[in-house]
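Structures are listed in the sections that come next.
Each of the next two complexes has chain A plus one other chain: chain B in the first, chain C in the second.
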Partner chain A sequence: MSPDPVEGRVIHVYGTLDPQAPVPAWPAGIADTPVSTVTEEGTVAITGELPRDEFDPAEWERHADDAAWLGAVAMGHHRVLQAAVAVGDVVPFRLPSLYGDLEALRRVLRGHAREITEAMDRIRGRIEWAVKLYRVSEPVAAEPASTGADYLRARSRQARVKTEAEAQQGQRVRTAYDQLRQASDAAVLNTPQDSLLTERREPMLLNAAFLVSRGEQDRFGEQIGEVAQDVEAEGLLLEASGPWPAYNFTATVDAGSERA
Partner chain B sequence: MSLTPATTDDVALVDLLDRVIGGGVVVAGDIVLSIADVDLVYLGIRLVLAPAHEVEQSVGLRVRES
Partner chain C sequence: MNGPTTDARSGRADPVAAGGRSAAVLSSHGQPQSLADVLERVLDKGIVIVGDIQIRLLDIELLTIKLRLLIASVDKAKEMGINWWEADEFATVNGDKDGKPAELTQRVEALEEQLGDRQSKSRSRSKKEQA
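After this line comes the complex of A and B, so read on.
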């Protein structure tokens, strides 16, 4: 049993471990702090103590527009969850989940034991994969025009071709999503990220996450490859990342079942 | 297609933040930082990841009021 945090520290919860899974060798957590576990009535919370003065609400507010600070904190959080997911299942907690003392944390774990167990049951033996689709080309050929009337006719024709091409791409995106959804255990559609955030000029048309059995990952990877090839002919580029802890399938315990 | 292993530090910051702040279990209670505070941080960082002036034009929001 861990003692209360030393003066001037708060407890951060990274997530919870499957009680049956082995406890991994932990990497350094947020702000290079050590990681340990707190067990309360069958729930195993992954915890770390953070310096209170560096992580109090005023500091979060002060760093709200500081991508370097928040990026480092997020990567510390993610690194710990990746270590956990490498050896067993993990239910991520939203960053930050901070508690003033151990009793507060234990109270929350007791109060939410059922929801945490339900989330764990939902994702047990499964892992998250992400797939995005971008529109990289629009098949609109420029036509030479000799007169003004020719030019206007060509413009109108091009507009029609563009609309048709976009509708066709939209249909292809839906088919691709359906194919991957059927090859997975659950799927979530997220809002496509703005091109200002993706550092890509091409618009994102699909931003999806899929929950896949650990044993089916190779097959799902092949499916992703096939879809990528299929959509390429329609001017779409596929980007995949994973495996991720099942962040998208545990989002707020209560709403999770609706999203999955 | 491109495939990024999520086990490396190569994951895009926006993907990471969408997951670690936008996803995961939220348990209210004796938390030091309120859920509303976190929502503000999340909104702020999403906006600041893009150049501020372009964000203003595209979504009509300022990054910070102060």
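After this line comes the complex of A and C, so read on.
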């Protein structure tokens, strides 16, 4: 049981641990602060104390556009959850979740106990994998043209081929998603990220997350490999990452977790 | 710590390698989760339990963040020790290792213009919600 935060600090909650799971060795949290847990009626909250003057509402507002600040906070939050998911199940809280004192935190944990338990039940024994598909090439064959008329005909043929190829790629993306969804316990389709975010020239055509049993990871990995190979012939590149804390599968239903 | 597990990696990487893709693909598979992916998740996913200190971050535009990232990456990133994206990908795309700040600035300006619409819409929406 932690005491109240020291003067000038606020409590941040990263998420909650499965009460049955071991408590991991914590990395440094947001702003290099130590991480600990607070237990309230069977809910084990992962907490840390942050300097109030750096994390009060005015500071969040001031930094809302500040990628360096927000990026560092986001990575600190994620780092702790990633350590938790390495040893057991974790329900991530959306950033930020801040409390002025321990009683406020306990009150909120009690008030949301059912929601938290339900989220934990949904993801127990499972982790998240992310799969993206990028269009890396449009299979349009270049044709030699000897005359101007030939050239124009070739151009128009190429345009038609390109449209068909794009439609085929779109269909292939859908099939790839369906294949992986069937190999997983649950799936979420997210908006493809802008190339500004991905730092790649190739447009993203699929941005999906899959909930997979821990014991099924190898099999799911093989499935990903097969799909990757299949789609390559269609000019698509598959990228996978994981395991992630089950971020995409712990929100309440109306927040979109059941979209797929 | 952030990277995929060994088992999972071999599960994915081998078939991809067999498919004949270049080493770039494999390295991107083996890389830690990207900042874009982390932001997408921690700001937009997870269970929403609002603390007693309430902060409205609901309307943060990921693309705005990324814009700032592009700018921040040139000067601020290293001094802040945030260099997880700083691998080949970023350098290749933006050419910042060759010192082309003008090109980067141009790109950001063009993108800001494109985004102008979306952002102002999102701003006005957020104001309405607050009102």
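Simple rule for what comes next: the second predicted complex is superposed on the first by the 241 of 260 C-alpha atoms of A that agree within 3 Å, B and C clash if a C-alpha of one lies under 4 Å from a C-alpha of the other, contacts with A are read in each partner's own complex, and residues count from 1 in each chain.
Just so we're on the same page, a contact is a pair of C-beta atoms (placed from the backbone, for glycine too) under 8 Å apart; a residue touches a chain by one contact, two chains touch by 3 or more.
Predicted, not measured: the structure shown is a model, and the values here were computed from it.
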- prompt: Is A:Asp218 in contact with chain B, with chain C, with both, or with neither (first, second, both, neither)?
  reply: second
Field: Which superposed partner A:Met75 touches (first chain B, second chain C, both, neither)
entry: both
- prompt: A:Asn248 contacts which: chain B (first), chain C (second), both, neither?
  reply: both
Query: In the superposed arrangement, which partner chain does A:Glu226 touch: chain B (first), chain C (second), both, or neither?
result: second
Task: Applying the touch criterion given at the start, work out whether A:Arg200 contacts chain B, chain C, both or neither, answering first, second, both or neither.
output: second
Field: Doubly contacted residues of chain A, that is, touched by chain B and again by chain C
entry: 10, 15, 56-57, 60-61, 64-67, 70-71, 74-75, 77-78, 82, 86, 91-100, 104, 107-108, 112, 115-116, 119, 130, 190, 193-194, 196-199, 224-225, 228-229, 232, 237-244, 247-248, 250-252
- request: Give every residue of chain A touching chain B within the complex, in rising order.
  value: 10, 15-16, 52, 55-57, 60-61, 63-67, 70-71, 74-75, 77-78, 82, 86, 91-100, 104, 107-108, 111-112, 115-116, 119, 130, 190, 193-194, 196-199, 224-225, 228-229, 232, 237-245, 247-248, 250-253
Message: Residue numbers of chain A touching chain C in their complex, please.
response: 10-11, 13, 15, 27, 56-57, 60-61, 64-68, 70-72, 74-75, 77-79, 82-83, 86, 91-100, 104-105, 107-108, 112, 115-116, 119, 129-130, 190, 193-194, 196-201, 217-218, 220-222, 224-226, 228-229, 232, 237-244, 247-248, 250-252, 255
Interfacial residue positions of chain B with respect to chain A in the complex: 1-7, 9, 11-27, 29-34, 37-38, 40-41, 44-51, 54-55, 58, 63-64
- line: The residues of chain C that touch chain A in their complex are 1-2, 4-5, 7-16, 18-21, 25, 28-29, 31, 33-57, 60, 62-72, 76-77, 80, 82, 84-85, 89-90, 93-94, 111
